[in-house]
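Both of the next two complexes hold chain A, though its partner changes from chain B to chain C.
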Partner chain A sequence: MLIQLAIRNVLAYRKHSVITFLLGAVSTALLVFSSAWNDGSHQQMIKNAVEIYSGYIQITGAEFRKSPSFEHLLFNVEKLQKDVEAVAGVDLFSPRFDSFVLYSVGEKAVGGMLTGIDPEKERRISRLYSSLKEGRYLSKTDTNQLYIGNELARRLKLQVGDELAFVGSGADYSFAADKLIVKGIFQTGLFEFDATSAFLAKPYFDMIMAAENLATHGIVLPHDTQQADIVAKNIGRKIGAEFQSASWMETMAPLVKSMKLDSVFGYITLGIIFIVIFFVIMIYTLLAVFARIREIGIMRAVGTTPRQILGILLLESSILGFISVVAGGLIGAVFAYYFNVHPMVFSGMEEQFKQYGLAVSAMPTAFEPFTILRDMLVMFVLLLLSTLYPIIKVNRYQPIEAMHHV
Partner chain B sequence: MLLLPQIIYAENANDIIEKVVDNLNGKTAIMEISMVVKTSRAERTMKMKSYSIGQEKSFIKILYPKKDEGITFLKLDNSMWQYVPRIEKTIKIPASMMLQSWMGSDFSNDDLVKESSLSDDYDHALIAETEDDYNLELHPKADAAVVWGKILMSVSKQYYLPVTVSYFDEDGVLIRELLYTDVKAYGKRFYPSRWVMTPKTADKKGHETRIIVSDVIFDMEVDENYFTKRALKRFSR
Partner chain C sequence: MYSLALRMAWASLARRPARSFLVVLMICVSLWGLLLMQGIYDGMTEQMIANAIRSDSGQLSLFGRGYRLDPSLDKLIGGKETENTREKFRNLLDSDPRVRSWVKRLRQNGLVATAHYSRNTEIYGVDLDREDRHGRLKSYLVQGEYDFGNRSKGAIIGFKLAEKLQVKIGKKIILSAQDINSDVTSIALRITGIFKTNNLGLDENALFIDLERARTFLGVEQGVSQISIMLHDDQQLASLQQDLQHALPNLDVLRWDELYPALMQSRVMMKGFSLVISIMIFGVAGLGIFGVMLVSVLERMREFGIMLAIGTAFSQVRIIILAEALFMGLTGLLAGMVCGGLSLVYFKIYGLDLTMFSEAFEEFGMDAITYAIIRPDYFVTAFVAVVLATFVSVYFPLRLLRRAKPVEIINAV
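Here is the complex of A and B:
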């Protein structure tokens, strides 16, 4: 009975219904899409930063991250490898050895990092392989073949096939130097990284740097990257206090924090918009309800209880709210899905993106049904709340008063 | 009148440093030394020969181990070059690498280049005197490009040679300590035949570098040819 009346009223006051519906639907679509955009761009930034080089889980000596010296290396990499790979959820473990060296070509000398990597495993844990620009990627049996960052190569004026030399110190602090040949040049798009990094296959690196069975850190690829944090903790428990096992949430803490802060600002902006929308709907409903005050007075006079009237009016706004939230949610979801599949590309803004450590300027939105439902629920509650005050207020009138209301 | 004792001290301190610098360098010196670098994990030995004229010019050639044999260093005033036979290359050590370790030891490139600047770059004050030693405090001059905030040095009265040298950073934290012991006579001069550098920072715990001087010839004519960039490669063999 009440619901029939409510539906009839919604249809009867068509203008009011359409405007309320549009306001509700547009705001819902806006909220759903903003969330998808916020989450999507943040996830993309973190994914980039993590996947280009630093990895989902890093294992170091316990003190290494505090004081990165050769005193706090991973000393028995082979054993560590077995232990780590035995942990559930671990796909693979790949050791790396970072060292600071001086590169020299002709009279020119530039400081940079020289890192020994396992070329095969590295393909899966970082984007070094897919960032190949010229020449070829490393293979396990390579000797003095260097895979060098584009900016570093440019500073040293090197092309594929050119020779350069480096001097540095081995893991035992002894003097190390060798001639190297450029095998490939990579460009990840992270400027700092491309300007300071170069790689050798680890077997050869170990020989010239006295680094056999040693590593500065190891990267773990979990089966499910969403579970990185849990897997990192499990590894930590297994390998003991001698080591530190940290997920990207720790190793990238500053980035994660800045993303959170950015989200907060995003929600504050949205919040302000929604406060405005809230009052617009409220005032509009107030006007609409008061236009019907005579009708309400008559209903009261013929014996409808205030409770029933409250019920009818609440049902009306629930029906309207529900329809607009569903419609808006669908529209928002369609956009979120579309830009998830076809990311927005900001060409010409690469410089700004670089500051966030972003290699590409394509930004997909996140498409997460759970988040969309959450946003729809928030909007529904908001729409209902905005009509509550006018509805309660109109119900306070006495029937006679209401009928005479102009 | 009140300032007078300090002026006398200051002069004394300067004289002491001058004598110390002269005693450590001679007019010329040809030395054979071994360097033992100890870390918390391992110990390794290097042998080398050095040729120097006063404080300004020096040439060092690594003789041992085999892997590093023939690496040569040339220091002229404030610049330093290195020749590495494995890569057939002469490298000028850039300013940014000056604080890096020299051949993996607890000495830095800067120590080799700037060892002489104790007399020029620092203000010296005699802060105490015991029966055997003078205790000096060295503060960098305002415009001196040096890395230490303060140096404390005790100098033996008998030989005018340093006994201990403590290096502090700008915050007054002790970074490392150098001990000179086993003074022996080489010709007319006395010279400490054993130096031990111990870093005091947490990241270098367990590290130590010992220099053992096996032979020194002072004040003999040294071939000027050693102090050219060409010599780096020529005398590498």
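Here is the complex of A and C:
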């Protein structure tokens, strides 16, 4: 009977119902969409940062990340490779050797990174291959063929086929220098990376840098990228304490943290808007309840208990809250889904993305039903809470007082 | 006559204290939040801009023509001019009343190496005393001393570069670069200081050495790569840029926002963002006032009907209703401004300390402690918005009352 009464009341006080519904629905839609936008853009930024070059799991010598010197290299890469690839969940392992060198063309010299990679495996663990801009990608049998970042090539005024020299030090601290020929130019969109990086096929690199069977780090591609953390731990257990196996959550900790911080600011801003919305809902509920105070007084006078009245009013706001949360959730979800399929493009903001080392200007929203349900639940509770004060207040009146309330 | 109207307005508000209080509280809290948000977010953006200006670009920077696209030692400012021309040039900057200070920097790309590790770096030959007067460079020092030591054998480097090189104060480094004759030359230096500007480019790459040492190291007898200029007054930026470009046609004269377009974008975006949030907040708050005013008018239709019937002018009724709405609006506004203003003053003096997120802030190139900014226009906007919202919210109830016929209202049950 209470439910029937409540439904009837919701329908009878249509204006109040409509406004409460609209406010609730808009807030829910806003929250659902903001969460989707936050999560989606953050996932996208991290995914890009991880997939372009740094990889889901990095293996280094135990001390290497703290002090990246040639004393903490990965020694005996072949054995390590076998060990790592034997761990469940590992798709492949690819060693890299990083070194800083001075490139020179004619009279111009620029410092940069020279890295030896396995061209075939690199195709699958990073976006180097798909970032090809001009010329061709490396192959395993290449000798002094260089695959160079677009910005670095521009600074050295290099075209495909041009010659350059480099000076650096080999893995045994010996002096290393060679002439190289540009085979291909890549552009990942990460400005810093494109301005400092160039690659050689590892067999040849190993020869000139005395780096045979050595690597500064190795990248592991897990079968399921969502499981990177667990796989990284399993690898760590298998290969022992002389190595360190870290997932992107560790190697990219500052980025992950900064995304969290961005979310926090997003929610604070939303919070301020929601505070106002809840005040308005509270005010409207107060108005609606007091407009009915005589009715409530009469009900009390004919024997309805305060508890029942509380029940009816709470039911009313629950019904309204529920409908608006569902409607708002659906609207938010539709938008989240649409922009998940058709990512938003920010063509004017490349400079900003560049500065933060982000290579994207298209941002999909996340479409995660659980997050949407969570937001809807949060909103429902908040909506209910915001109607609580007026409902309790009106129940404090004595029946006679209420009936005569002007 | 106004005093009567005001008394009536006050009485009707006092009759429904809970309702009136809620509206005032709503306006107060939303304004408080909005002011805090604006002040803090603006503080963050402006701090980033200030860091870039102080540590690098100044408000204006001069470069040799084409230097920015191809930074090399043959595109220096005053590299080939006679002493006479350079004297004139110095006078031009020194005598301009708009210029507060200016500094010279000699820059070159190089390689910095420790026994174990090497990285590329941007070498800045600077005059420490002038830099400190110019952009308070000393305040960015986090370790060591603001000094290149005796015989200028010291180097001050960015903290991220120091992290990557794994060097501490007192450690020896080898710096290599191409000199003006394109020969590679090297010197040994000791780290005397580490700075943190939160200007990402500098923290990751920059290595400051003494300007005279840089000259001998790079074989550059005269000329510099960059001149950074600070102004007394931000407003004169465009005019100074124009005049300098006119006087020095073979140099590039660039404003900070041309050198750091991303920062300008942040500022513009922050403005747009604030505007959208403000509109949403005041829109919703207006809805709140509207609801209360509508009900307040509707439940007193009879009262107003009688007043009109016995000869009260409609304009007077309008004043009562308006006064009622304005009372609520302005009280809320005042309370919100006081709360928001006081909080902002607090955060302006003591700063909002988010050091627990400092790693994340570093990633964005922001300071972990944000000092709020207080701009008069926050308050002006808030005032206009609240007054506007109040007027709009009574418009509909008033129209309702105007259309109604006194006799009908009085007779209605």
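Keep in mind that, in the parts below, the second predicted complex is superposed on the first by the 406 of 406 C-alpha atoms of A that agree within 3 Å, B and C clash if a C-alpha of one lies under 4 Å from a C-alpha of the other, contacts with A are read in each partner's own complex, and residues count from 1 in each chain.
As a convention for this text, contacts are C-beta pairs under 8 Å (C-beta built on N, C-alpha and C of every residue); 3 or more make two chains touch, one makes a residue touch a chain.
Not measured: the values here are computed from a predicted model.
Applying the stated clash criterion after superposition on chain A shows that chain B and chain C collide. Of the two partner chains, both chain B and chain C are touched by A:S169.
More residues of chain A lie in touch with C than with the remaining chain of the pair chain B and chain C. By the touch criterion stated above, A:S67 is placed in contact with chain B and with chain C alike. By the touch criterion defined above, A:D178 reaches chain B but does not reach chain C. Contact with chain C, but none with chain B, is seen for A:A253 once the two complexes are overlaid on the shared chain.
Of the two partner chains, neither chain B nor chain C is touched by A:V334.
Of the two partner chains placed by superposition, chain B and chain C are both touched by A:A109. The contact surfaces that chain B and chain C form on chain A in the two complexes overlap at residues 67, 69-71, 102, 107, 109, 111, 167, 169. Against chain A, the residues of chain B that register as touching in their complex are 37, 39-42, 44, 67-68, 71, 82, 84, 86-87, 89, 91-92, 94, 96-97, 101, 103-105, 202-206.
Those residues of chain A lying in contact with chain C across their complex are 19, 23, 66-71, 100, 102, 107-112, 155, 167-169, 196, 253-255, 257-261, 268-269, 271-273, 275-277, 279-280, 282-284, 286-287, 290-291, 348-349, 351-352, 354-356, 393. Across the interface of their complex, chain B is touched by residues 67, 69-71, 102, 104, 107, 109, 111, 165-167, 169-170, 172-175, 177-179 of chain A. Residue ranges of chain C in contact with chain A, taken from their complex: 18-19, 22-23, 25-26, 29-30, 33-34, 37, 70, 72, 109-111, 113, 116-121, 164, 166, 176-178, 182, 184, 200, 261-262, 265-266, 269, 277, 280-281, 284-285, 287-288, 291-292, 295, 299, 354, 357, 359-365.
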